[in-house]
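What follows is chain A paired twice: with chain B in the first complex and chain C in the second.
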Partner chain A sequence: MSLLTVEHLTIRFGGLVAVDDVGFSAEDGRITAIIGPNGAGKTTVFNCLTGFYKPDVGRMTMRRDGREYLLERMDGFRIAREAGLARTFQNIRLFPRMTALENLLVAQHNELHRASFHSLAGLLGLARYRSAEKMAVERAAAWLDRVGLTHAADDEAGSLPYGDQRRLEIARAMCAGPRVLCLDEPAAGLNPKESADLAALIRDIKAREKIAVLLIEHDMSVVMEISDHIVVLDHGAKIAEGTPDHVRADPAVIAAYLGTAEDAA
Partner chain B sequence: MPFAQALREAGMAAFVAAMLAVPLVGFRLADTSTGLRIDTRFDWVAFGVGGVFLGRLLLGLLRGRGPGSGLRLDLPKLPSNAGTLFGAGLAIFAIVMPFTPMADRYVVELAITVLIYVMLGWGLNIVVGLAGLLDLGYVAFYAVGAYSYALFAIHFGWSFWICLPIAGALAALFGVLLGFPVLRLRGDYLAIVTLGFGEMIRIVLLNWKEFSGGSAGLTSIPRPSFFGIQFTNNPDPGVIPFHEYFGLDFSPMQRITFLYYLIFALALATNFFTLRLRKLPIGRAWEALREDEIACRALGINPTNVKLSAFALGAMFGGFAGAFFATRQGFISPESFTFIESAVILAIVVLGGMGSQLGVVIAAGFLILVPELLREFSQYRMILFGLAMVLIMLWRPQGLVAHRDPSIRLGAAR
Partner chain C sequence: MEYFLQQLINGLTLGAIYGLIAIGYTMVYGIVGMINFAHGEVYMIGAFVSLIAFTILGTFAFANPVVAILIVLVAAIVFTAAYGWTVERIAYRPLRGSFRLAPLISAIGVSIFLQNYVHLLQGAKMKPLQPVVTGGFVLAQDGGFAVRITYLQIGIVVATVVLMAAFTLLIQKTSLGRAQRACEQDRKMAALLGVNVDRTISITFVMGAALAAVAGLIFTLYYGAVDFFIGFLAGLKAFTAAVLGGIGSLPGAMLGGVLIGLIEAFWSAHFPIAYKDVAVFAILVIVLIFRPTGLLGRPDVEKV
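== the complex of A and B ==
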């Protein structure tokens, strides 16, 4: 059984079918990319997975630690906390007036809050909370190091350069301790060098953390290079699925991206 | 800014001023023995319009930094611990103040009022400054605290120290009660609902005569005692009052000084509690919620709990301040808990710089002291007060203390 299985996912906004009977799965230690032209419904799929939208039809099942979580029945914050899906956003959503380090600590809120015994142990300054905080800071520092932002740890997140903000958002999602990391266009707005670094980072996360990565991306050089499996959406429906080489050669995918040759016929 | 453009802007401003001044200042209804008569005061209009023209011209020429740059008061770069030092200095001053020669009854009473507002500002700072939930009905919790203290003290005869936690707990409960229906709201919508909530509490207190005494309020609320020793000149037989206990002469200042230190201690406790919470996960979650609620949810933070805890804790401190207010006044009525009080407390938080503890102190001092100092200007004082506020907001749009200290630093934490 897969870690995450999506079946018959369908959402309608009024008369528009934004996502139409889409199914795919995500596995530990694999990068699954969702691609498609603008308006194909990729981000809508993410918003369903992470609980921001409720699908009209379909089932999203997360299996971890011998338990099954039906995501369509859970509140958004429970999906992140219990089922273990963390995401980044197409338009970066950091906490801009908090420092980079604080951003990463907020991501570990639930663990820390429990350790602080709902603030009581924290207020009293008990060792139990102090050691938990120390561990959280170590973890945050390790991630800052991995995304190359140790020098900016105490800078306001909103004042960081754009590329740094993108990487910080990924580090923040990872600090939440996810089993599935959902990245919504992480390479948008990055220059080629930054894109290459980002691809390396995502591959590194896959290799070392052994988690599943779901990726929405327009930058095909990134997608083709790092993806293990690609799902292609167009007008809300899945038109192709498979390995990068398979998808690249699929006529339906080429038609969706480049248009059909019917005018010439 | 080029002279011609400044001249044009000054002309525009003068025109607008003239349009407003002619009907508002130019004509005056005079009540004479023969009936009503209209006087004209066009000389006043001319002076006013001239003043606006020159002022605007000066402003335009002085600014000269192009559009949008505005007036900014760029404070010199201060060392990072300047705020702490200044705060400590203020605290030491507050401790010795009652023993300085300037401390007459009027000054200490005024200082008590300022400290009440400092405490209210710090309480509201949790809700507005940290959690970013715009609350226009904060005075409701102040009222709940005051009435809880008054009712428990009058009907059960419980002492201040027993009633204080009860008042705080009841206010916190009301904070949660208000919090639940407004969980989904943000910004303007939240402000409207909290405003309504504040008015509801006041109107219930006004109309539920059997419970709260209605508009007549509650009188003869027990005065606080010095841990059981009363401040009084004519004690009940067998009771030793404060001045006899300590072998002093009786003076009303003893009670007032005690009240002063009481509210000082309460306010300080509020401050330390808030500063501590800010460095805990809950405090960071409040600030994260203020910054981006959607990102909070995506990280597994339950926004409901975060919001309710902010409402409850903010309300609790409002309740403490209310209990103190009741025991200090000895009399409370719904008139003390009108919307204008909420507005003043919110103004303290915003003017001070959202989330800044020191800013609240400075702003509370300003907003309470300035109207008091301007008393001799009688009817013009609110105009001067408004002018001062506008100027501050022009110079410091982020509030007086806009600086935010990180709750943790990487170097210090390792």
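== the complex of A and C ==
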């Protein structure tokens, strides 16, 4: 069974069908890319997975530790906490007035919160909270190191350069300890060197953390290079699915991206 | 000089009360972006709970003032925090995500409700309390004028400083404080990282109400009389203090509270006392003209 299975996902906004009967799955240790022209419904799928929208039809099942979680029935914070989904955004959503380190600590809020009896112990500096806090800081420091931002640990996240903010957001999502990492256009606005670094980082996460990665991306060089599986959406519907080589050769995909002969005429 | 010193002491004491209430306004504004106009009433309830608790202890002829105050403190915090929690749960949470003015109107409604509720239950008359803490020092003597600082005033300032330090630490260093700041900056993102936003907001209201309870207890001890209307003006002035210091800023709230306390004390000493509220609000207007974000507030820079 797959880690995450999406079936018959349909979302309507008024008369517009933004996502139309889409199904796909995500597996441990695999990078699944969702591609498609602008307005194809990619981000809407992510918004559904993470609880921003409730789908009109469909089921999103997450299997974790022998339990099944139906994402469409869960509150947003439980999707992150219990089902184990974390995501990043097209337009970066760090906490701009917190330091880089604090951003990573917020992502570990739940473990700290449990250890601190709702912060009462935190105030008194109990040993259990101290050690939990120490572990959280160590984990955050390790991730800062992996994304090359150790020097910026105490800088306000909002003041970091754009490329650094992108990597910090991925580090933050990883600090939440996800089973599925959803990346929404992580390469947007990056230069070729930064894109290459990012691709290396995502591959590294896949290899070392053994989690499933869902990727929305327009930069085809990144997509084709790192994806194991590609789902192509157009006008809300799935038009193709398969390995990069398979998708690249699919006539429906080429038509969606380049237009058909009649369109051109 | 002696007169100045005396008014400084009085002003600081008053400012401590305003500051403690102002923190409740500023924290709630920070996290949900609304002015909790019922907060003054929550403070008034804190004062009443203190009065009732003292009266009950008095009927048992409880003698030790320190122990009595501690017991009353716990009672006031528990009951007042329960009110704060309930108000948020009933009047604000259902309106979250509604249009921006809805919770504000709801807050005014809650404020009127609580005032009348206490009015009906406790009557309109001032309820007096026997002085619990008496005595003090004479700091300086100049002819017939003695500068006095009472034990109560020392206690008030010390308690306020300790609470301020504890809250600053809590917001800056604990995971709860980080979650609160995260909710303040991006509520949806915080939820995506597994932070229970609704509960974090509830805790914020409870914390604000607990501080208001301390302020209410202090008021009861300091002035020795409570009625159902004290929350209105104190609430308004504490709100002013929060805006003056920069709403959303914890040290700003305290600074604003102290400033307003001092302005009131010095104005009352040198100018017609009836105009003291006019002076306070006039200064608010002047500060806001020149520093719209308050003294310690951060300007919202809009990115283009």
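Quick notes on this one:
The definition used in the following text is that the second predicted complex is superposed on the first by the 262 of 265 C-alpha atoms of A that agree within 3 Å, B and C clash if a C-alpha of one lies under 4 Å from a C-alpha of the other, contacts with A are read in each partner's own complex, and residues count from 1 in each chain.
The rule is simple: contacts are C-beta pairs under 8 Å (C-beta built on N, C-alpha and C of every residue); 3 or more make two chains touch, one makes a residue touch a chain.
This is a predicted model, so every value here is computed, not measured.
Once the complexes are laid over each other on chain A, chain B and chain C cannot both fit and instead clash.
When the two complexes are overlaid on their common chain A, residue A:99 makes contact with chain B while staying clear of chain C.
Between chain B and chain C, B touches the greater number of residues of chain A. In the superposition on chain A, A:162 makes contact with neither chain B nor chain C.
Contact with chain B, but none with chain C, is seen for A:134 once the two complexes are overlaid on the shared chain.
In the superposed model, A:172 lies in contact with both chain B and chain C. Of the two partner chains placed around the shared chain by superposition, chain B and chain C are both touched by A:112.
Residues 50-52, 75-81, 86-87, 89, 93, 95-98, 102, 105-107, 109-110, 112-113, 116, 118-119, 122-123, 133, 172, 176 of chain A lie in contact with chain B in one complex and with chain C in the other.
Within the complex formed with chain C, the residues of chain A that make contact are 50-52, 75-81, 86-87, 89, 93, 95-98, 102, 105-110, 112-113, 116, 118-119, 122-123, 133, 136, 172, 176. Those residues of chain C that touch chain A in the complex are listed here as 166, 169-170, 173-179, 181-182, 185-186, 188-197, 203, 298.
On the chain A side of its complex with chain B, the touching residues are 50-52, 75-82, 86-87, 89, 93-99, 101-102, 105-107, 109-110, 112-113, 116, 118-119, 122-123, 129, 133-134, 137-138, 141, 144, 150, 153-154, 172-173, 176.
Touching chain A in their complex are the following residues of chain B: 273, 276-277, 279-282, 284-285, 287-288, 291-292, 294-303, 404, 406-411, 413-414.
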